[in-house]
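The same chain A turns up in both complexes below, where it pairs with chain B and then with chain C.
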Partner chain A sequence: MSTVWTKRLLVLLGLVAILATVAACAAPTAPPPQVVKETVVVAGPTKIVEATKIVEATKIVEVPKVVTATPPPAKVQDTFIFGAQGEPVCLDPAIITDGISGRVINQIFEGLVKFDKDTTNVVPSLAEKWTTSDDGKVWTFTLRKGVKFHDGTDFNADAVVKNFDYWQNTKNPAHAAQVKAGQTYEYFEAQFGGFDNDSIFAKIEAVDPTTVKFTLKEPQGPFLNNLAMFVFVFWSPPALEKAPVECANRKPVGTGPYKFVEWKANEQVTLEAFADYWDKANAPKMKKVVIRNIPNNSARLLALSAGEIHGMEGLEPRDVAAVKGNPKFKLILRPANTTGYVAFNYKVKEFQNLKVRQAFAQAINKKPIVDSFFGGTGQVANQFQPPALWGYNKDLKDWTYDAAVAKKLLADAGFPNGISKVTFDGKEVPLEFWYMPVSRPYYPNPKDIATAIAADWAKAGINVTLQTVDWATYLDKRKNGLLPLYMLGWTGDNGDPDNFVCYFFCMDAKDTPIAREGFVADKEVSDLLKKAAVTTKQADRAPMYQKAEQLIRDRVLRVFIANNQPPLAFTANVDGYIPNPTGTEFFNTVVVK
Partner chain B sequence: MLRYVIKRVLTIVPVILGVSILVFGFIRVIPGDVATVMLGERATPENVARIREQLGLTKPLYEQYLIFMGNALRGDLGTSVLRGEPVTQEIIRRFPATIELTLGAILIALVVGIPAGIISAVRRGTWFDSLSMLVALTGVSMPIFWLGLMLILLFSVFLHILPTGARLDGATRFEPITNLLLLDSLLKGNIGIFFQTLRHLALPAIALGTIPMAIIARMTRSAMLEVLNQDYIRTAHAKGLKERAVVINHALRNAWLPVITVVGLQVGRLLSGAILTETVFSWPGIGRWLVDAIYARDFPIVQGVTLFIAIIFVGVNLVVDILYAWVDPRIKFE
Partner chain C sequence: MSAVAVANEQSEILAVLARPPRSLWRDAWRRLLSNRLARVGMAISLFFLLMAIFVPFVFPYNAKVDSDLVNQLTEPSREHLMGTDEQGRDVMNRIAQGAQASLGVGLSSVLIAVVIGTLIGLVAGFAGRWIDIVLMFLMDIMLSFPGLLLAIAIVALVGPGLRNSLLAITTVSIPVYARIARSTVLSIKEQEYVTAARCVGAPSPRILFRHVFPNSLSPILVQGTLGIATAILEIAALGFLGLGQQPPYPEWGAMLADSVKYLTSGAWWVLLFPGFAIMLTVLGFNLLGDGLRDALDPRLRVD
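Right after this comes the complex of A and B.
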């Protein structure tokens, strides 16, 4: 057989490979025109070549100009690019709860007050100052003058009132349209009691253009903390009126340091510095901010390594050490605002026995688990609140790890041979320990952590079967109280202890056991927390939360495993990123050098 | 021929109907409901009930299905429950990204796979044959996820010559027309964007093209081998025809059929969305969108996109069938 033909094919193959490489290499620097042509031929099914011809015929003038102006990657120093774990749900602050949307919203919108730097202390934002009546029911805010929305509208008391109306009035057309489209104003409902007559507000008035007065039906302990949350921020009223119903097309207009440019679905959100931003001292330092959606954790870190993004969230615990030790990177830990726990279902007969619960608590060796599975960013938790919260009980002593003591406790409780079967809702079943199928800030590796906990328990004679299911079903089962023993956790919303403890342990007015929380029902804890929630002064509230934490610990209502400080990674040339426990982080201080 | 085409198009109808019923049914019997997912850890029974009501999930199943199909026939596939976006409009916006990636991958697969297969067959048993079939075997068995990360590591992190993902650089702004960026950049005369798009397309297309390339190479080789052993090839050689003429005019023409089948299947598969590739390379195509929607129990997206994919797949098969006739006039459609 002649080999001439095959040789030619080989040569052709080689040529294609070389040309492709040339094209790829040449592109980042300005490619000379002849390379352009070659590449077109290589990549060119007839279709593309034809397209080129059409272009040349119609827009001859533009072609040479554009060729010399390539390539367009803007100067990186103008732009801060952040790699996010996913896609924003919506850029309307009032209807979201997720942090990915929240990050974008923080840059565009502002509220009356905000969390200061890396704490949960509340400081002025669009309100300069405020006063409270003695009974804690009337709050009067003085607004900043000369603040403008991105569309040029003045910010004033009227705008505040209109936004509150949008959130709480179900007859407000914008509100009603969203509800009809299936959206909820979940945070408003949760933090302010509900809508219309259910809300805690008796009256919200614009006294004059710079004064807003809130009259509450009952005093609310966490009121300021609630107002500082990332969702209670203000739309420009005309923009809100005009905004289409679908989230994807709702163009956000606020007063923040950056204004919205575009949202490319599944790709990125682009923001641009707002020239008329009121706070000149904290004016945005970068011209543009881009928040890119890079769903895969490894790919995101690679993008950071390649310098395509300047910062990222969602660093895998196993990558933390590598980022820490590499001078190309900067590791920033967000102060802990999460707690991972193990919860008992009180429909399991055995768990009604304090000794059994105590045995479960004392049989877990938390320290090695936290050290092994949190990438060095975790802390052992002994109570629900993380240390950064002012209701944290510093004097609380954790149950010590002791498998022998745990064994003895079980024997005392009538289980000398340990526990492997339980009576759940009247039926005898093997004891299942449920772990989450997804990584969350409070449990970065739920399966590994569950395995380690189960191994610890086994040493004390507690034999569990590990179980999981997809996330939606998991949450569903948990909501209906169908998980006998399970892992879950909480990320705080507003830096207030109420938000951590009361959500889980406050029963309704009739003191019904809470199905969602494994039918937990401790009236003393519940009453104490409910009282703290309507007390206004922090000094009076703190001891109540500390006492509640002590009761929860003594009664082993739940076992708290860890607080995590979520790691963020940046390239070494990024300065000024201030991590906040609530995740409310502002990019106006960020500089890429 | 025309009658055959019409008949084939008509057989699509029951297939699509079947798919729609399956998709509609499956997504409603799997546990975990959309309201709970939307509300996450904070779901309260009242909110869940309210959202279910709003989404029409409380209506009887057949009623929900009839509403869905009625709207679908009018081109309205519903709106996403999570983001409120109209599904049809989103498919139009996102599908071009998938098309571009598919074309890139198939182009690479064809340009490398077919010549490699031909040479391997013609030079059976030589080092080239063994090497290319070894590479093909590796390619077929390669986990795309891993391959993608390795390509990024090599070309983006170490060599800094290609971007790690996305369709354009983060700082670039470009207003697309059709959202087929290669086409749009040319239509707008923006060569810079054209090359940027090519650079962004390179790694995902290579990663995605690897498996089809390997499959096509192997299929081309075996199809060619079969043909090369036939008598008429020997006759052609005996006539004194040049090797090239024998391979291209006589052998290849008859080896096309199985190759076209495989290429058609691969195109259909890739157009359905390359989930892993799209995830590793942050590519905004319909595969990743669909998977996100499944996790979020976003019924309208899952139903709409699956139905759309089914239509695309059936459509590609139809094109393949018609190509058969074009390639091999002996084929009669009865």
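Right after this comes the complex of A and C.
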């Protein structure tokens, strides 16, 4: 028995030594991107078993595996294949909220307006031009002539009215059928106030075949940005009427550059160029577009490296450098539309003191954190809005990092020995700093980032206990205001500053602080943002948001850490991919050479 | 048989009789020392034990402020013999400081489990009848789950952390000791010296603790030593899954988990050294346990 054991252990020792050599060989230079790791399966009990194996054998978990890359097959030149992080939820634009469905929908459908190229500026799409009444309540859109849906139906004002009816009228048969099937029209409800009488629309009329008039109950500042969102795009009315209720069988029919061919569940969605597309200058350059579902980030990179796909999202921060340095690939950074922040809960008595909050802000050394944990795609944030937004305040100066000043601020606030316990909701408890259990675009390495922030704080006398819990519980706790100090972030929906700042710092209609945002209560900021939301001219609105950002900074309502530019990877022969901050990209400009 | 031979044999017998009596334990100790692999195991275990005990005292370490992002993931150098990790912390120092968590939990979980498990096993084996059935039924239920899975379930229930993983690992290993204790008791119970003790009227507790318990100790000792190795693996596994030691405090399994994602960027040292630490300690305690088993086996008793 004893000898068998010994033998086993010696074999094991040998194995580890071999692995060590392999790892050491891979070490010196930046590894080529073909070095792909074998990931431990992360799902339920399987993960447990695998992980045990790893530790028991003391084997190195991830063995760099050199994959001999085959050059992309030459005959796929008429097809663009994109690797997505998951499966579309549904191909009916009105009932989805996720970007993966959104990407497919962008190619098939179009709305009145859209976001221009790599900005959040709103430009004409199916509407040629529009006018606003002086009170901002009446919007008149002139529609493009000669636009056809994929099924041959003409696009006109009637189609616009019918689509709006489908979205907002709960008695519309198609709408009612979806609600009965458990679907919601979440974005319509969120952006336009609700359904039927709750919606901001008083009247939507087809004045003539090329003119649509919207009469609003209240002026809405972000109205155009809302309309440009990927969900407010138009179905061919006859196709919508005929479409079966179940999502999987709903064949989308729009006016976009590509038309729907088939959706193989858990595999891919295939689209085909639409010959009668109205915009001849931007006619689709590829015959076919395939959007493949490859959930595993490493497997997707492997597919890209093998030439099975031409482009992908969801590149791991740690793989960015390798993709950047390899001539076989092209790295494209999507303009930042995310902000990662650290939020205070104002039910914590200590956080009501400005000096304490300022100490927390000044004790964090953001630059090295962003440089170390964002894979080179992050930039330090000093305000909530990313620089690409028109409400961004260019003149705002961030709090400087200074642990000594932070210490002094704490002492001035009555904490000469630092802070490690706080009074939260009337009870004295150790100060917990909650970090997210999952990686999100705004925080690719939440645990590492939290550890670094906590270390910075500790150097200034702020002693926190790091805490986390599963993602669903985390969000739930946050929603109910149960996290004393936590990290989270935001990815913008429609490029309107309102969608960033007001969502977080506007109190509700009765001016009660919201639990979701840690009971933040700053009436001046809230009033300013609410006013900006009902102002219609961008030139009037921009200074309001800039002022709000300045106030948020001066009062340290929250600490903003970083904007991240999500990386996309392509094979070197792909041209014309224009990344939009909102993630709504159009593939008609893409060419595979 | 010649007269010389008889005389020789007699003198040998006399010599043996003249020797001071040696206890089983002393004998076992000698045999343990004569086993080379056991000596290696003992040396390794002792090394890590001393590390766990003395390093935190000699080199006080404040994990909370330890970070130096400028030196993130630097290769092993003269300044940092085992390199630095993703927070720019010295890996060697973290391994040394992390020994306390691994060995502390490993040893104490085994100690507690041995005490509770042995007690349950002794009572079950000695009392017999329905007490035996009920106690062993409970132990069987616990044994029917894979150890680590049960530990994860317990930690998931009471929340992550080092103290809770200690609780989980202890709970999981109790039935093993209960079973061993019970089976030895069952055989010892039938021995003549127990019957003799009973005949002279010794009360049950006295028989149990004076006669049965000392004689059932050696298999438990062997299992306990091997159990330390298992416990160290389990604490590392829990740490790896993020259920054990919480950041920023060092623990080998958690160190592995944190550094796995940096392997593709060539940072082998953050993974290799904590892995080696786990492997070496486990190897040490396994060799020691194996040696103890051989040393305490009466059938192998040769002089």
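Assume the second predicted complex is superposed on the first by the 519 of 593 C-alpha atoms of A that agree within 3 Å, B and C clash if a C-alpha of one lies under 4 Å from a C-alpha of the other, contacts with A are read in each partner's own complex, and residues count from 1 in each chain.
In the analysis below, a contact is a pair of C-beta atoms (placed from the backbone, for glycine too) under 8 Å apart; a residue touches a chain by one contact, two chains touch by 3 or more.
Keep in mind that what you see is a predicted model, and the values were worked out from it rather than measured.
In the superposition on chain A, contact is made by A:Glu87 with chain B only, not with chain C. When both complexes are overlaid on chain A, the residue A:Gln168 reaches neither chain B nor chain C. Applying the stated contact rule after C-alpha superposition, one finds that A:Asn297 touches neither chain B nor chain C. Judged by the touch definition given at the top, the superposed model places A:Ala454 against chain C, while chain B stays out of reach. When chain B and chain C are set side by side, the one touching more residues of chain A is B.
Of the two partner chains placed by superposition, only chain C is touched by A:Asp371; chain B is not. Once chain A of one complex is fitted onto chain A of the other, the partner contacts of A:Lys264 are limited to chain B, with no touch recorded for chain C. By the document's definition of touching, of the two partners only chain B reaches A:Thr79; chain C does not. Contact with chain B, but none with chain C, is seen for A:Asp476 once the two complexes are overlaid on the shared chain. Applying the stated touch rule to the two superposed structures, the overlap between the chain B and chain C interfaces on chain A comprises residues 1-2, 5-6, 9, 12-13, 16, 20, 23-24, 27-28, 31, 36, 45, 48, 51-52, 54-55, 59, 62.
The part of chain A that touches chain C in the complex is made up of residues 1-2, 5-6, 9, 12-13, 16, 20, 23-24, 26-31, 35-37, 40, 45, 47-48, 51-52, 54-56, 58-62, 64, 316, 318-319, 321-322, 365, 368-369, 371-373, 437, 445, 447-448, 450-452, 454-456, 458-459, 463, 465-468. Here chain C touches chain A in the complex through residues 37, 62, 64-67, 69-70, 72, 75, 86-87, 148-149, 152, 233, 236-237, 240-242, 246-248, 253, 256, 258, 260-268, 271-272, 275-276, 278-279, 282-283, 286-287, 290-291, 293-294, going by the rule given at the top. For chain B in complex with chain A, the touching residues are 31-34, 36-45, 47-48, 50-51, 54-55, 79, 81-86, 90, 93-94, 107, 111-112, 115-116, 118-119, 122-123, 128, 148-149, 152-153, 155-157, 160-167, 169-173, 182-183, 186-193, 195-196, 198-199, 202, 242-244, 247, 279-282, 284, 288-289, 292, 295-297.
Interface residues of chain A, counted against chain B in their complex, comprise 1-6, 9-10, 12-13, 16, 20, 23-25, 27-28, 31, 36, 39, 43, 45, 48, 51-52, 54-55, 59, 62-63, 66-67, 69-74, 76, 78-79, 81, 86-87, 89-90, 97, 179-184, 186, 189-190, 245-249, 261-262, 264-268, 270, 288, 290, 292-296, 298-299, 302-303, 305-309, 469-476, 479, 488, 490, 516.
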